[in-house]
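Each of the next two complexes has chain A plus one more chain, namely chain B in the first and chain C in the second.
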Partner chain A sequence: MQSWFLKSPAQRPLFAVLVSALFVLALCCLLSLLFGAGGLTPQASLQTLFGNGSPDDEFTVFHLRSTRTLIGLFVGLTLGIAGALMQAVARNPLAEPGLLGVSAGSSFAVAMALVMGASTATLTVGIAQLGALIGCICVLGAARMQGQHNDPIRLVLAGAALSSLLLAMTSLILLFDQRAADEIRFWVTGSVAGRDTHTLMSVLPSMLVAAACVLYTAKPLASLALGERVAIGLGHKPRRIRGIIIIAVALLVGGATAIAGPVAFIGLVVPFAARALVGPDIRRTLWLCLPLGPIIVISADIISRLVAQPTEMPLGVLTAIVGAPVLLLIVRSRRLPTL
Partner chain B sequence: MTATAFKQKPNTFSASLSADKLSLKHGKISIIDQLNVTLPEGQVTAIVGPNGCGKSTLLNGLSRVHTPSSGVVMLDGKDIHSLPSKEVARRLALLPQDTLAPDGITIEELIRFGRHPHQSLLRQWAMDDQEAIKYALQAADLEGLKDRLLDTLSGGQRQRAWIAMSIAQETPLLLLDEPTSALDLGHQIEVFELIRNLSRQGKTLAMVVHDLPSACRYSDHIIAMKEGEILTQGSPKDIMTKELVRELYGVDCDLMPDPMTGSPILINIRRLKS
Partner chain C sequence: MINQSLSMPDTPTSNTSPNGYRLVSIGQHAQILIEKEAIVRNTWLLLVLFFASIITLGSGTMAISPKEVVDVLLGQGDTMNQFVVKDLRLPRLLAAIYTGAAFSLAGCLMQTMARNRLATPGIIGIDNAAMAFAVSSIVGMSVSLAPSFMALAGAATATALAFGLAGGSGTRGYRFIVAGIGIGAIAGAVTQLLLSQVSIDVANSAYPWTVGSLSARDPFMVNTLSIGIAICVIGCLLFSRQFALLPFSDQVITGLGANIKHIRILALILCITLTGLAVAVAGPVGLVALVGPEIARVLSRYRGIPLISSALTGALVMMLSDLFGRTVLSPIELPVGIVTAVIGGPYLIWILVRRSSRSSL
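Moving on to the complex of A and B:
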């Protein structure tokens, strides 16, 4: 049998790649339950998993670590998909919610809301998503996405400017309000630790809406890769497709930010890896982003627990350390991959 | 490629396309003003004219990519902008000039896009989609290449693959914007012969062409445009004169009939002596 891995990425059977990725994801989830910064050894964790642990150990494994794993799963899922969607809409392999100020818009909106006295989880999610939407529209508007004539770097520049502006304004708000500053410290760096599943449940409905948007537009979005006029010729409506996708991106990024704060570079690295594995067709890329996002976030989270023992490194810091070189790699490559 | 290489596929319906007092603008600049035109059914129409005469704009207007500032484009007697976009795409296919091919797409994958107008959320992929793709591969003589990556093909094969995508769309009408402009002579002939074969099966085709001699040879009907207006139209034999060539392109030439087909051949093209 010819090895499927030797074929060119676009010709590999999606199913085989997907199953392999799911296997790796299962492994990551297991490791995430076994390893931690605390005194609990992997062996003892394994014992606990099989039901032979002390109540303390059970609390660590089944409550702290499993929640953390679940949140990592969710954040990886949403940010990976959001990155792939944004890159397809902007026709730009560098379009990434974290870099383009979408996450920053989202955390700014939350900071504003907290200062003004909001605190319930549901309200925060909605506000984070609204902030993401505004950030998304601002940056795409500023860079004037114009199909193939769009300069990839220009979009990133506009995004960097918008991000710094929003982050500066967020810092300013926090300077004036010590209470809010304490409450939302994690919004500024991004973390999957210390969150509870309650927040996760409050985000789920809007994630279903985003999933419906993606399912509805995946095929037209793929045709947009052939050129604006080709898509029109095939009976699609490019402007409407873009509008729906931008709403989906805002829902996804807002949801992820509401739960873990702004985690940068996941939306860049995940689609980049997915394309390398199954080629540029957005439908295939999206499928693979589903397991790949969680794989990357959860393994980054495991590393973040281990490198700075006994304390932990915030996830957002680690993803930036891993993601920045990937960005430089893409920018430095002689020819930016066309999307 | 031979004309008899593939079997005839009957057209279940024909479609007519015409413009009535069509005006098209780019921003505030008027490109085409109050133009009337009808594409003759079952024929190959070539739209020719100097650069900037509005021929591509007209094609974009006819294919509802460019929204008119006034006037209407009628598809089967109905305003094309009032019809659902998908329904238009089942009757009219468009091959624009600015096509983009994503890295790593195969010919068959490209052709599959042509089935989009026939699919919906509930009807994803059916037998007739498979049939249409098989037929399109056959018609464009690409059967042996269906798993090849688009960017590994020659220019002519690549353009044939794009046309095959439009064939899979199974429309009675096909509009092409400069389908041969980036191709060398051999590849141009490949594409023009495919276009002629499609017309023989009853498709109505219109194409913007830069090269006047090819337009004369491969079309049944020529629309000659200058500065957004139609100077004249008709069969190449009837309308092609030294005076028309001079007026369109500002060059002198001599015309003689092709000994095989009788269509006019331009020879001895030279700059106009003032």
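Moving on to the complex of A and C:
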């Protein structure tokens, strides 16, 4: 009965792995509701969940923490999927929206919007998504033009260069606007705290579009993993698939960035974990990324609440600290695998 | 050939120097192979640097003619000009020249080592770590001298960490680069965290460290940097033959009888010293490391590794960027890091989108 876990990753039944991942996710959500930086003890939160707590406690659990959990769920979902898609398109296990400058593109666009008079509270998601799209096209375009699919490091270097450029541009803009600088320094750390569900609703339509894109391209992507010629032979159009995926990634990353600020390394860790669990087939990993992303974001968020009590550590810092070692692990493990 | 051995009778090996090169012996064992063309090129660059310096010293809110600048430098001229040129502008000019040279030389070394134009210390996160340390000292202690030292410590820590995590330089130093990128990402996140936790005034005082600026730099660090650069330039000259092997593949280097690990570690140490000292003076102005070596490479027609020329072009770029930032929006002063970003940005984009895959160093 338990023997499925002993099989090689590619042979494990997807359904069993998925169900256990969903179970872990549910547990994470529950813990996220129970633990926090405030004075509310886990026991009291549990009581509140069952309906007998003071109005204050109810506000904390049902308003603050549940919103936060919901947003963590959303951010993990989008960034995990975006990471998996990006790695499939770039055929590179190191491709990650944060590392490749897609998030930096979003940040730049948001800074631009802030200077022009918007405010982080009323930020339009479209701007962040547009920035993400530009960043995405720049870096993947660069990698494609140089014909260097097979060299994972070059893509990462190009991404690092692009991010550093965009960050410099962002600070240039902020130099001229004190108010925007003051507002953005809270936003750029990346956090799921203190955001409201209103923004979540405004992102939802574009997420549906992205989901449609992903469903449409999952199969062609799997054939693309076998090589460009095989994909053409099977009747797919690689260029069009890539275009659609890039748009989907931009929508996903832009949406997540607009809500939570740039959160790095989720897109790297999630597909890595998913591949380790169910093997390299994109049709299987994508499914598993759905629960894994939120698991990682929510548990990171719980830790970020607990390590620095009474204050909190921003989520973006924590994911960077957790994610960088995974990056090293991937590079160190063996000869860099080319997807 | 005969002329050469006549001109250098005390060097028995001079007749083995390759065409277009001159072998200079120092003592019994140390020999430096100097490209004749490089001497001419670097002399020209020095001349350009000199004239540009005089113009830079003369321009600003109070314009001084080049002749008067020369007078002041020779110890004449009126007291007002003396004060402006010697006390206000000269330290800043020297800081620009030193940091530019250091960044650019370090960039050239690392690019050669990684065989990739994008692999400069700034991009692989050393600048970021130095910045995080400097910002933490401002946010935490607010001691005026501390940030420079913290920046130096940051650069050293980041490199040591990256090197340790990567388990040596690895093939082509690639692992080292990726480890550096990871550490840079963490350092960047920490910087943002620190800046978000303090009041806006403190965040503003840390701002020059996050973009890179040359105004009111610590004179002690500038002096230290000048000594460091002198040592590193001599190191580069002494080991130029070893560094010249770096563009080849690992097998070829080993086949030629050199110890590839030693060469890489040596190059890395030089890189880190230069970057750390330069960041300690000016903050992260990493894009100079991208542009300087490129200009030097074009000037040298892609022959060899133009280490010394890179230092000179880097100094030139830094100096002109600072002049630009100082004068173009006159009452407001643009930090030099932002000017270099605006200048280096288009070039960076060109590297990213250019078609050829062959000439990527």
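To be clear about the criterion, the second predicted complex is superposed on the first by the 326 of 339 C-alpha atoms of A that agree within 3 Å, B and C clash if a C-alpha of one lies under 4 Å from a C-alpha of the other, contacts with A are read in each partner's own complex, and residues count from 1 in each chain.
In the analysis below, a residue touches a chain if its C-beta (ideal position, glycine included) is under 8 Å from a C-beta of that chain, and two chains touch if they have at least 3 such contacts.
Only a predicted model underlies this, so the values are computations on that prediction, with no experimental measurement involved.
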For this session: Return first, second, both or neither, reflecting whether A:237 touches chain B, chain C, both chains, or no partner chain.
Result: first
Exercise. Between chain B (first) and chain C (second), which, if any, makes contact with A:94: first, second, both or neither?
Worked result: second
For this session: For A:280, decide between first (touching chain B), second (touching chain C), both and neither.
Result: first
Exercise. Just chain B (first), just chain C (second), both, or neither: which does A:229 touch?
Worked result: first
For this session: With the two complexes superposed on chain A, say which partner A:327 touches: chain B (first), chain C (second), both, or neither.
Result: second
Exercise. If you stack the two complexes on chain A, which partner ends up touching A:200: first (chain B), second (chain C), both, or neither?
Worked result: neither
Exercise. Is A:114 touching the first partner chain B, the second partner chain C, both, or neither of them?
Worked result: neither
For this session: May I ask you to name which of chain B and chain C touches more residues of chain A?
Result: C
Problem set entry | Contact residues common to both interfaces of chain A (with chain B and with chain C) | 148
For this session: Report the residues of chain A in contact with chain B in the complex, numbered from low to high.
Result: 8-11, 148, 216, 219-220, 222-223, 225-230, 232-237, 279-281, 337-339
For this session: Going by the contact rule at the top, pick out the chain B residues touching chain A in the complex.
Result: 60, 63-65, 84-90, 92-96, 98-106, 109-110, 113-114, 116-117, 119, 121, 147, 149, 166, 169
Exercise. Given the complex with chain C, which residues does chain A contribute to the contact?
Worked result: 94, 98-99, 138-139, 141-142, 145-148, 153-154, 156-158, 160-162, 164-165, 167-169, 171-172, 175, 178, 181-182, 185-186, 188-190, 264-265, 313-314, 316-317, 320-321, 323-325, 327-328, 331-332
For this session: Using the touch definition up top, name the residues of chain C that touch chain A in the complex.
Result: 116, 118-119, 122-125, 165-167, 174-175, 177-179, 181-186, 188-190, 192-193, 195-196, 200, 203, 210-211, 286-287, 290, 334-335, 337-338, 341-342, 344-345, 348-349, 351-357, 360
